[in-house]
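Notes follow the structure.
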């Protein structure tokens, strides 16, 4: 009989509601569609995290949240199964003690930057977290021909290594991950990675190979401080929209 | 007096509701507008298929579904007329015993790939079904100057021949078809053909003629296995939205 | 005391409701915003036409419709004023006895084709009405430096001359007009001019100066016959949406 | 104990409601998201202005409006804090006695014109207010490496100097400001700067470096007169939408 990891303990209902709301927020902003997921490190147990069972993000409720350990195994043997790619989350939490929340998405505007051409850069202050070179995880490098899915610890660990100390990594022919020290900052970064991608498509076309006066790294470092406030203000808006729709 | 084909027998109400919902799902996702259609092979009679009467997809109800044979003739002589281009469906079902569902649409982002330039390729795992060269049906090749409509068996058969064993074919200056072994997979492929088209427009612009690290054929073959699950999860989301709107 | 033109007689309430609905349809499809207008030739008096008073198209009700003569003067001296550019309509009705309905709009995707580069072409069968060279009205040619508005009979007549026997004309740095033998066909053409513009932007980018396999003129002539049916089906969808919102 | 500026006196409830509605209008049109703000000079006290407390524009109600002086200091010591970048408003009001309303936004389509390539030009009559060369404020020129925020009087004054007598200024790697002699005209300009940006992206791509037949400065001067009416008509539409949602 297989043993299951123990639970990190009960989680406040508001926390579960916020995490479920984050799923719906990302769906409403077009960052996720029927696929994609967001997780939160367990507030009381750094070696556990919370994520929904395998389902479309727009439908998640607080009751759909399950608890996994850093091997992405469920704490409750009777819990419904979570996502095939839950290992993205487990391995980033393992590698990055500073990260409290992770988003995985397939935004249409972001995918091109993992496939070709110039790297993603920070087009404005709200995307300052992109000013470090945004890395591209190409699963072929470590694993050869695959089904592209980060569906075990080894692949998750490889992705986490590519991410390094950054906030966002692109995944070739797949999507991207965004992470942060709070749920709202991870959600903010996922949303503004998508917005920045649209801005950069237009800017690259205007520039026609000429210069782009993007944020410098030094500017970005200073500008990103204010994004904590921006993320809070955005969260209040987005969270209120979910509350209006769901009552929670 | 003209004889009519016999019916393949009654169809479960849930099946009819799902097919009607598929019409509305495609409209809600922007894949079809006032035009376009989706069909389902009769579950009990492989030489019959189900499709709505001629009407805008967003308005279809289960009562609007009619039954046709593979010549795209109605089984019920009193049934309201279906689409001029119902032959797209009949001939694909005739040529492809593995296909249980067909979608025909005119998505704005997809049409350009039938008119010019580089072929459509699979930009990410959810579009893995596009990794075989996506063929373009040019009705001029077999029929010269026409009204562009696939409005008889000969034209339908020619389109089916272009499609071959693939899941998607483009139609020059017209639109595209997507098919699959289930209703939900055909709908999924129609939706993600449209998403992939948007991603590829952006990617081609970024690449400026340079390399695009699209899915390789081997990767796509592996990745497409997981799309059955992705189609189910997406279907649950989209079907719930229709249910919320219609009560069925 | 100035004399006013006589009325062409009462108009059926359903006709007024359809015309008001057409305004809202164009707004809902993004063809018009706070500006733009649609008119209908008086069903019983070919030298009169119906159009709303000057207001945002999305707010028009049947009570807002006024009657003008072909000089674009109101039949009712107490009627609220109509649009500054009502002369677009009056002069097209004067020049084109076959035209029963006219739309003027400023769709963002259409304006570029009046400003630069390759002409607009028919990208697919639903836009077959665009296969004649779409002319560009440049108000500078006849009137020099102006406020760009077609705000008198002379300017309207010049625009009508540029339109000639076609269904659509672009207006440099301004917008476009679409017309047709029925209200629903004029609306259909306005909507699909906008859709075609989006398709052509993508196609031009893909083609990079290479060939575009657009509809030939002969194909377009044949294909456009089916658009009468497509316009009816689309109208039923769009009209139902307005009815759901307004009750009329 | 710090002294606070005196109030300019009570403001009519309708004025406060219109200003709160303007925030929601800009959010509904996609001009602002969780960030961005709109202000109104105090109707009775030219050295005071009204703006919401720091919050997402889509959530603003009349009760959230606070009063600041031209140093962007609150008149009520107990008022909740306004935006970090309130100095944008205070300094433009100080420099431009003709300006009664200011909008600051980060529209995705507009930002590219502050980063690269050809300047923004007036693509059509509704954007005639853009025909003067639209300046780009680069905060580096006066302040070196910063957090990009216009968060004090000196930075606001520098931005106001770049704006000069114009209606719109872009801000490098940040966003833009639009202003006008009335609330509705400032809102109109912010909205149509965004629309014009989208039109110009398409036009630049079509032109491929060739000519663009944009509004000439003389045409723009004449055309802009009619925009006062267009702004009123648009305002009526947008204001009605807010009223339907909020009851105020």
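The first chain written gets the first letter, and so on, giving A, B, C and D; residue counts start at 1 in each chain.
By our rule, a contact is a pair of C-beta atoms (placed from the backbone, for glycine too) under 8 Å apart; a residue touches a chain by one contact, two chains touch by 3 or more.
Being a predicted model, the structure only gives us computed values, none of them experimental.
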item: Any chain that touches chain B and chain A; value: none
item: Excluding chain B, groups that stay connected where the other chains sit; value: one piece
item: Relative to chain D, chain with the most remote C-alpha centre; value: B
item: Between chain A and chain D, centroid-to-centroid distance (C-alpha), Å; value: 33
item: Chain A-chain C separation of Cα centroids, rounded to whole Å; value: 46
item: Where chain A touches two or more other chains at once, by residue number; value: 205
item: Chain contact graph, described as a line, ring, star, complete graph or other shape; value: ring
item: Pairs of chains found to touch, sorted by chain label; value: A-B, A-D, B-C, C-D
item: Residues of chain B defined as touching chain C within the complex; value: 33-35, 54-56, 58-59, 84, 106, 108-109, 111-118, 138, 140, 145-149, 172-175, 201, 204-205, 209
item: Contact footprint of chain B on chain C as seen in their complex; value: 122-126, 195, 198-199, 202-203, 205-208, 210-216, 218-219, 222-223, 225-226, 229-230, 233-234, 236-238, 240
